[in-house]
Each structure stands twice: as structure tokens, then as C-alpha cells.
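Note that the chains take the letters A, B, C and D in the order they are written out, and that residue 1 is the start of every chain.
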Amino acid sequence: MSGNTFGKIFKIATWGESHGPGVGVVVEGCPAGLPLKEADMQKEIDRRRTGQSKVTTTRKERDAVRILSGVFQGKTTGTPIALWVENEDADSSKYELIKDLFRPGHADYTYLMKYGFRDYRGGGRSSARETVGRVAAGAIAKKLLARHKIKVVGYTLQIGPYRAKTFDYGEIENNIVRCPDKKIAEKMVGHIMKARKKGDSVGGIVEVVAQGVPPGLGEPVFDRLDADLAKALMSIPAVKGVEVGAGFASVAMLGSEHNDAFVMAGKKVTTRTNNAGGILGGISNGADIVARMAVKPTSSILKEQETVTVKGEKALIRVEGRHDPCVCPRAVPIAESMVALTLIDHYLRNKLSRLPK
Amino acid sequence: MSGNTFGKIFKIATWGESHGPGVGVVVEGCPAGLPLKEADMQKEIDRRRTGQSKVTTTRKERDAVRILSGVFQGKTTGTPIALWVENEDADSSKYELIKDLFRPGHADYTYLMKYGFRDYRGGGRSSARETVGRVAAGAIAKKLLARHKIKVVGYTLQIGPYRAKTFDYGEIENNIVRCPDKKIAEKMVGHIMKARKKGDSVGGIVEVVAQGVPPGLGEPVFDRLDADLAKALMSIPAVKGVEVGAGFASVAMLGSEHNDAFVMAGKKVTTRTNNAGGILGGISNGADIVARMAVKPTSSILKEQETVTVKGEKALIRVEGRHDPCVCPRAVPIAESMVALTLIDHYLRNKLSRLPK
Amino acid sequence: MSGNTFGKIFKIATWGESHGPGVGVVVEGCPAGLPLKEADMQKEIDRRRTGQSKVTTTRKERDAVRILSGVFQGKTTGTPIALWVENEDADSSKYELIKDLFRPGHADYTYLMKYGFRDYRGGGRSSARETVGRVAAGAIAKKLLARHKIKVVGYTLQIGPYRAKTFDYGEIENNIVRCPDKKIAEKMVGHIMKARKKGDSVGGIVEVVAQGVPPGLGEPVFDRLDADLAKALMSIPAVKGVEVGAGFASVAMLGSEHNDAFVMAGKKVTTRTNNAGGILGGISNGADIVARMAVKPTSSILKEQETVTVKGEKALIRVEGRHDPCVCPRAVPIAESMVALTLIDHYLRNKLSRLPK
Amino acid sequence: MSGNTFGKIFKIATWGESHGPGVGVVVEGCPAGLPLKEADMQKEIDRRRTGQSKVTTTRKERDAVRILSGVFQGKTTGTPIALWVENEDADSSKYELIKDLFRPGHADYTYLMKYGFRDYRGGGRSSARETVGRVAAGAIAKKLLARHKIKVVGYTLQIGPYRAKTFDYGEIENNIVRCPDKKIAEKMVGHIMKARKKGDSVGGIVEVVAQGVPPGLGEPVFDRLDADLAKALMSIPAVKGVEVGAGFASVAMLGSEHNDAFVMAGKKVTTRTNNAGGILGGISNGADIVARMAVKPTSSILKEQETVTVKGEKALIRVEGRHDPCVCPRAVPIAESMVALTLIDHYLRNKLSRLPK
């Protein structure tokens, strides 16, 4: 009820704070028999790790993941998989200085209003450090999906005014912004570094594509696949908008332009275009699932900002700590994870839609 | 599990098909003691009713709502409130003609793939007629919210290229597109009628504003207020995108522009701007909640479209039936309802966040 | 959250009061493709109907069930199945007399304390009339189970001191107490009639056996099959105890007596005895599931009883209305329904326990 | 969905296996502001610890609990509280010998049938070691309940034929069987030791009383307080029956005997007797909540038993390991925990039953 779980069949519960002993996740509902080892998760966790490049924060965490339960002789047992990652480089000293100030764009004020009390060290539970657990669980989801030939690929589509025009998936991990367009990637890096030098930050768009999704995933009415993807992506820190397929561009289209004509591809029904983003009536239609999320510029900036103290006095604040000038590159594995978690949950749910044979 | 319920504390379950005996909703978790009569719901249901104007479908439903349980001596008892609305003007004849064709943009193909079987009459469960139940339940949510001085207002912000510039809430119900800008409203109507004459349809944006929301609503991590709003709005038929506050416009902003400075308004903490849309870290901050949804052009169009039959043969289709050339005007009360349902649920959840006194 | 739903995959939500417009149920999660007609439910509803014999209440309800959604061309569509039964013979006049008194053994006082307000007509929501919806939903569960060769049989095992010794299932519906032992059945009837004449009531035990349950149903830890059965049966009005297999008799046994030895029956593993009641570690082992519930004597009695008024004054009360002198005979189909609902839910859940192939 | 969580508002998720790295629990929904330290949990965990006396197993675990999240400056923050206890004395060697045999009374066969694969070391997830997490979480529940003057007391009521006649709560922790009747306690110990010497085990009854519970806790229909207690207690390993108030003894009573007359105690409504066990219509009435559970004799016995191998061959088995000859003494804190968890959950849920003021 307090909002720390995601999924209905393949269900995860994350826990942990930025400056506590560590962060973790309990994965419930993973079927028995999946080969699983720590390296499966580590690979993905490393993609969201701090200190990867000049466009990310300098906090240094090894982020070594440990399996505490649910795996026996290298395979999942069907019981809860508990994973944890210790916090090693938490530095709370910077936060003592600003513990009585509300950082603009952050959850300091809202957590205080909600709980009457808050963990001011690095945002506590509101810190994006919580997403380590999501990425660890997402790695399991991806592994399950792969068995069904479903692949989830994410990348930075846009940063500031720079938007990818070519989509070479092999390029994504080759540049520090995770952009599939090599040329645009360079411009993105330049844009970020320019803002960082001024003590400022920039926003962007992350796009996630899921390939190989069979038709039939998603439930009618409220738990539509697109509705659950919207929640999944909007639950990532700093996200302010979500769209599927043509998204907001649909507004300017006519029905005759937007509707994707059904055509045959051999014996398979498919659509000529994909304005639907692979989802019709909330249910996958077999085309690629395409979702995008708008990421606001990082709230923690060195530039001086106006704010107030917990006592209601005017104040100025500079958020020192160690922060990413643009969230997108590290948000890519998080977005992929949330999409993968949504898909595996609906994949399993869909096994229940027809009469058991 | 099959996706027909919404909410965790104030929970609704809708049921019913477009061409079955009727549609309904069971509302669970409404506190005891709320004065409630059928007219409270009817007022809102009438706003989404068919046949309101030249820009809506001509299907004629009285949509008379009936309370079947949960109310005694004019007050809610704390037990489930069952509401139902009979279908009176369902005309399935048009659907016999196209029962073996997949309507582009509709859920015909995906429901068939999911269930191996589908109710082809007017889309069955995938029909927007299902939303009658949401609006009925939304009316109860609004009534509860009103007791806490929370008001939810929705309107058509944009249709095709025409976007409201002035926001006179008193104007909304005065024009048939539910736009708060009288002049733009006229242009919107013209735009819709032009498309309708060509057998085509248009898209738009609906915006919902919630005023008077206290700080503290929303849960950390997954059940953030914005994540739940995103799901709520994306679950409405025809919606392809959702944003909160600055939304996708955040992409082009710098952190120093986007962050809303905290300032005092008398003894109350508030923010100078509202790029956050009233939500920080997933929790309301006391400013207006502002959410938007992108509505695709109606899928049912008279214009001839390419498709295939259930047997995989090429075919042409014209969707005759009775359809709205633009969904926005009737989507306004639905969007308001989904926002109201989300807010009352979080309002009640938030009562549990601090130590009980 | 307010407690009116049961099940996780195959999920039911009941609604309605004893003296309102009717009672109903929404069944979510029934797979698509099951042949279903009103008669399937009616048959079971008739078994719990009032006025069946001299040992049941004289309230006369036809209890005609109507399918409002979820079925198309005689088959379930996978969407919610809404069922309702109108109240026709509600007579609230008797309740006006006692609306300011708390009936001993009833929920009058507790509902008032909980909600600050109550529907005093026949107990409102606390009335066993609510169970009509359970039996209707249970009929669907039974139909699904039957496809997998699972059969659920209930009967009155004991009334007062009289306990069945022979178990002829063909006899159950032949006598008005639903006892599988013809001779004991007669004694049970005599025992009930004797109490009724004195304006009193009696208790008993209902036993339910599920045959053909495959091994593997039930989840570890909290959602054990026996734990869910215990909840299911204890949620029936008037039930004060639940046991599985040897139940309370286990207390006097040694481990070497209680443990059921594993033996082979052809190529199948089975157990020599069934003290476990078909459940080991919360999971079915392939033997018959055997559960029992203790039913208290009906609370509504004509005999004068001490009580207090809502104002706290001493008073005497005689509960006139129309009541069953023993709940067991009509509780049999309710108990069967709750067991069937629990089993189908776990049957479907169990499809998710191993790696999807 | 896989059954490892309990509660709806105050929700716990346990994880861990008998012979893995450890066991733990994540507590979600604990309100912010509760003072909490490891010693609060340790005190209760120590009561269920192994090696306490001659009537318990000799496995030696320190069972030191560690708080990994959710507490800041000695108070709960409202976010998930992750607790873990390392396994230190796991000895898997004994299990290698019997890994291909099904232990009678255990979950070996059923886990294998369910998952196609099992952790044979000490029962893996089916081991009662899992309950460490429940007791840790139960300690938090008790602390919250204590703030509202609610106290939960458990004890061994009966072992074999010996049943407590006097109820001196101060005596409970003074004897190794946790019986409130000193004289009977001695007989119980003798009874256990006699069985142990023969390589056998005995059963018993644990009773839990909750004092100070206000009227109004529990929800109508399915989530009745008694139904949830039944599930809570039946989910404890080795439990075969549950009863509330008069329980199975109700069967032999008349309505006029069973009904608890309402009387005034000063200005408070109360009942003269407590056959209801403090619950009417599923909702607490202000009297003591009284629940009992029947505990089967421990399944692990040294005595030789018949069984079969995983290949279906006849075999004999002696379960060596280190086992309790009677589960009751260590089951007392577990039963208390499950009752406390159920009560705090309903206490919080009940805050939502009336109109928010």
C-alpha cells in the first residue's frame, strides 16, 4: 500500500535509502527453473552505475549485487529472490549543510509534509539510488523475456534540441550518452558539458523499443499494456511525460493518417505503419512496442537558487553533492528495466486469459 | 487480475459491454456517511452522454443510472456501491457486416488474439461505453474530494492545431467542445466538422487541473501520484500520451529554468512557477496538479481503409455505425473522473502515512 | 480494501444488502471460452434458497439470477461476468421494531461502531443473503474445476450431538439436512425441530471434500492452500472454527501416528492415510482435500434474550423475522462454493509456478 | 502472487531458506515516526530461537537481526523496513542422505510436484526457519498496537492430553513449554520428553488472546477479522485447525446458550459471556479476541517410517537432523506475531471506514 511494489504476477518490492546500509529488491513470482547467477544482474547494474564517464556523477559505488535467496544449484526455485547491494561511498557530509533547506525540484518539502519527518541524506528513499533494485530485477525479467524471443532496447533519443535521426542499436553502448546516432551523440555530449560548466543541467527523451512481443499482452480497461507502461516509466525519478507510438504527434493527425492499415506479412497479420506503437485497445498487436519518456533536467544544480528553510525563511541554495548533469544516459537501463518488468508481468498474466487446456 | 479494477483503497470495478444488457460499476472503499443520490452521478454521466451535439455520435442512450446497493437513507453505508446503466439503443446490425474484418485502430484483432474469441458488437468490452461506469464512480470521488475543498476541472486544450490561449472555466460547458477559450472553441468546431464531412476524424489534448490538493498525496517509488495519474489517463480509450506540468517541454529546458523556486505565500510554502505540475518526487506539493493527455483521432471513420479479414484476405472497410468525429469533448468528464479517482485514492492512502494518533 | 472481494486470479466481488434492490457479484478472471448459461448458476443458487423445507426460513425468494455481462454467444469472453439476483420478498417491517436494539450474536453493534451508522433492515450487508453471490460465482468455479476432473462435495457432518457415520454421497440431496448418512439425518431433523419449537436454534459441522485435485496447488508461506481454505470457510457467517484433515484431533496424536506414509499406487505417489487432509506444506499432495467448519447455532431466536438499546438502556429482545433454526443445510452449497473458489484460484495460480514453455 | 506476502496496509514479505545465506522480511506500510531499534525485534526473535531448552532443537543460531532500511535517527521513516538474519549454523550434510526420499508429513513431495525441482536442504523455503521474518515483523506490529493499548498474549494451552486450567500470564515465560498453568506445564514437559525418548513427537494447542482491541476492527464479508485470523494462524507450519471463541464447542450449544447477552459496563457496551471470541459479523466488539490453533506433532521424527524415493521405490526413512519434539513452545511467539500483524493491519484499515473529517 505504501507504494514500493510493482507488478501483479512477477512482482518486485524495492527497499533502501541513498545513505543507509544499502539498497535491495525482493522478486516474487519468478517461475522455478530459470538459470540465474549474480553476473546476470551485475551486467545491467553496471550500466546504471555512477562514475561511468564525464557526463555522470563521480560518486563511486562498486554496486556488487548479492543473491540472498530463491536460487539453488544455479536455478530459481520459484520462491522469493532477495537481492542486495551495499552502499559503500555514501557521503552525507554535504547534506548536513542543507538539511534545513528545501532543494528546488526535489522531494524534500513533500516528504516532510507527508511523513512529518525525513531522511535528508541524499534524498533518502526519494533518491534515484533506489532504482538499483529495479535494474537488478529488470535483468531477471529480461532473461525470462529472452526465452520467448522478446528483446527490450533503450536509448537516448533526444537531449536538449538534439534528436537522433539514425538508429544503429550497435552504437548505443559505444557512446557515453547511449544514443544510437553517433553524430548526434557527440552534439549531445557537447550540450551536456556546456550546461555542466555553468553549474546547470539539461533534459532529454529516452525511447524504449520491445521487439518480438506476441499479440495478446495487456488486459482490457485499466491494466492496458500502455497504461501499465505509462505508470512504469512515469515512476522513474525526473520523468514528466510518457507517450506510446505516435504519442503527442497524434494530435495533429487525421484518423485516416493515424490508423495503421492491417496487411498480411506472409501468413501473419501485421500493420503497414506503427502509429499505435504496437498496442491496440491496450493489448499488444505483434508490432514493436515503442514508448518514450520525457526526462526533466536534473534538479541538483550548482547554480544558486531561491528557496526557503524549514522555518519558512527565505534562503539561497547551491546543491553541491555529486550529480549527473543529465539523467538520460543512466536512465536508459532503468527505462528498459521498467518496460521489461511490465512485459514479463503481462506475459505471465496473459497465460490466464483463455480456458486452461 | 484481468484488469477491470482501479484504485487500492477507493476501488472501482467496471463491467459491461457496448451491446450487452448494460454497463456498471461496483465502488468499494467509499467511507460510510456520504450523502449520495442518483442525481449526483447522473449529472456527470450526462456530460459524457451520446447525442449531445453535432460533434458527437447520434446513438441515443438515456444513460439513467440506478443505485443497487451501498446506500441507506440517503447515505453511503461503507459497503459496496453497485451502480448500473441499461443499454437501450444498442444497434448491432451494422456490426454483422464487419464481424469478420479487423477495424484499423480498434481492438478487434488484439482481442481475438488474446481470447481466441470476441464480442464483435461495437467492440464489446473494448468499447468506450465501458467508461460510463468510470464517470459514475468519478462523481462519487468528486463529491468526497469537494468535502476537502479539492476541485477537479477538465477541458479540451487543443484540437488539431487549435490550442486554447485563455482559460475561463465558466466557458467550458458553454461550448460543444468544452474549451475554456471561446474563440478557439469556434475554430475547433469548424475543424471537426470539416473532417467529419470528409468521413474523417481529428485528435486533440485534454487537460485536467486539480485545485486545493494538500501537500503529501502520493506514495514513494512506484505509486507516485504522477505515475498513477499517467496510468489513469493512459487507460482511457484513444489516449497515446500523458504529461504532467511542463511535460515534454521539459526536454528543452535547463535545470535552472525548470526548477520551481520555493517561496512563502504568507505562512504557506509555495513555488514561484509550476513546471512540476504540483508534484515533486511523486508527492503533491500543494500547487495545482496539472495533467494532460494526447487523444488520437477517432479510429472509426467512414473513409475507406485497407484491412484484412479474419481469414487473412485483403479487404476494404468503411466503419459505418455512429461515431464521434473527435473524442475530446466527451473525454473531458472521463479524464476528470480518472483524476478524481486517483486523487481520492491517494487522499485516503495518505491518512496512513504517519503514526496513528 | 473494504473486504468484499475474494481470490487473486479468479476474483469475485459481491455486493448487495438483505433488504435493498438485490444482491450480486462480479466475477473477474474467468478465462474466455467457457460455456455458461444462467441455468448453471441457478441450479446451485436453488440449493441455498430459502423456504426449501421445514428446517429453513420461510422467506420466499425466487432468486432468479441474471447474467449482465461477460458472456457472448453462450461462452465467457474473458471480461467481467456481472450477475444479479433481485430481492423480491424483503419484509422490513419486523426490523422497525428492533432498530434501536442490538441483537445478540449479530453484527448490529459492531457495524454501528465501525461505520457510525447502519442498515438495520435484516442486517443489511451482514446478512447471509450476501452469500447468494458467492454461490453464483461458485457455480462457475465448479464448472471450470469439472473440466479438470476436480469435484467438490459438501454435506452436513454433524448437528448437535449427531454425527454422520456412513458417507453415501448419493444420499446428500435426498434429505433436508444434506447429511450423507440417512439414519443420522433423521435424528438431525428431530434435533432441529425440537429446538425450533422452543424458539431456539442449534449448531453443527459442515464437511467439504475435494476429489481429483492434482498435486501442486497452493503457494508457500502465507497463501498456503489450507490457509486460504481456512479464510474462505471462516468468512461464511456463523462459522467459528475450521480444520483440515485430522484437524484438532492431531493434538492427541504422536508424530508416528499422524504422518501419512508415502506409498505407490501403481506409478503414482500417494499416502496410506490422509491425516494431512490432502495438503502438505500448504500444497496439495493429490489426496482428497478434506476441510470442516464449525457452525454456531443461529443467532436469531424467538426466545427472549437480554440486550441493550443504542442509548445504553437494558432491554429484552425476541428476534421475530423468518430464520433458519440451523444454518448447516443451506450452508452446504456456500461452503462448497468457497472451497471451489479457493481451488480454481490456486489452480490458475499454479500455472505460473514453473518456467513458461 | 506467489504467496510470500501478508497484510494489505501493514504488509510484510518474507524471503529466505533454511540453508541459504539467511532469512529476512520487508515491512511495508509502517507509519512514519515509530521509535524502532534492533533490540525491539531481537527480544521477540529470541523467544522463537532454537536451542532454548531440552524441548527444542539443538541447532544453534544467534539470530541477530539487522535493520537495513526504513529507520533514520531511531524512528521509522514510512518507507520499507528491510530486516535480515544470517544463517550461521546451517548443516546441510544430514540432508544429502535423504535428498531422494520424501519425508512423511513434510513438503518434499509437494514442492517437487509444484516446481519440478526443490531445495532439499532442511526443507528450503518450506522450513519453519522462514518464520523468523514473521516474528521480526510481528515485533513492530506489537509496538504499534501497544501505542493503542492493545496487547497480544500467546501461550501453550494444551499438549497431548494436558490442558491448562489456570491462566497466570506471568507464568508463561517461566516454564519451557510457555504454559500459563505451572502444574500442567510440568506434565507437558514430561509428555514431550517421553515421546522424544522414543524418537517420536507430540501435538498441542496454542491460544492467543488480544486485549484492548476497540470495537470496529475487521471488514465485512471476506476480510472479516476472524477469517483473516484463521488464515494467519493456518499459515503457520504444522497447524491443522483454527477456532475463535467457543469454536468447535459451538456445535453442541443452543442459540440461547451461545449468544452473548449485551450488557452495560458503566457507559460501555459489553457482553456477559464471550463465546464470540470478541468478534461479531467479522468485526471486533471490544471484548478480548480469543483464537486457538491445533498444532500437529512434529513431522521430523527419528522413528523409522515408510516412504518412497523420487524414483518411486519403497524405502524406509529416519529423519535425523535437529528437531523440536513438540512445536508449541516455539510456535507461541509466531502465533502472537501473526495475530499482531492481522490486528495492526485491520486497525489501520479501519481508519478508512468512515468519512474522513
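Heads up, the rule we're going with is that a contact is a pair of C-beta atoms (placed from the backbone, for glycine too) under 8 Å apart; a residue touches a chain by one contact, two chains touch by 3 or more.
Predicted model, so just to flag it, every value in this text is computed and none were measured.
Looking at which positions face the partner, chain C and chain D present mostly the same ones, since more than half of the interface numbers are shared.
Compared with chain B, the chain whose C-alpha mean position is the greatest distance off is D. A count of contacting C-beta pairs for A-C and for A-B identifies A-B as the more extensively joined pair. Centre-to-centre spacing of chain A and chain C amounts to 46 Å, using the average Cα coordinate of each chain.
Here the CA centre of chain A is 26 Å from the CA centre of chain B.
Counting partner chains per residue, chain B has residues 1-2, 4-5, 8-9, 14, 29, 32-33, 78-79, 114-116, 125, 220, 352-354 touching two or more of them. For chain A in complex with chain D, the touching residues are 1-2, 4-5, 8-9, 11, 13-17, 20-24, 26, 28-29, 32-33, 66-70, 72, 75, 77-82, 84, 114-119, 121, 124-125. Those residues of chain D lying in contact with chain B across their complex are 9, 29, 31-34, 78-79, 144, 147-148, 220, 347-348, 351-356. Per the touch definition, chain B reaches chain A in the complex via residues 1-6, 8-9, 14, 102, 104-107, 109-111, 113-116, 123, 125-126, 130, 158, 160-161, 195, 200-205, 214-216, 218-224, 226-235, 237, 239-248, 250-264, 267, 269, 271-272, 275-277, 279-286, 294-301, 303, 305-308, 312, 314, 349-350, 352-354.
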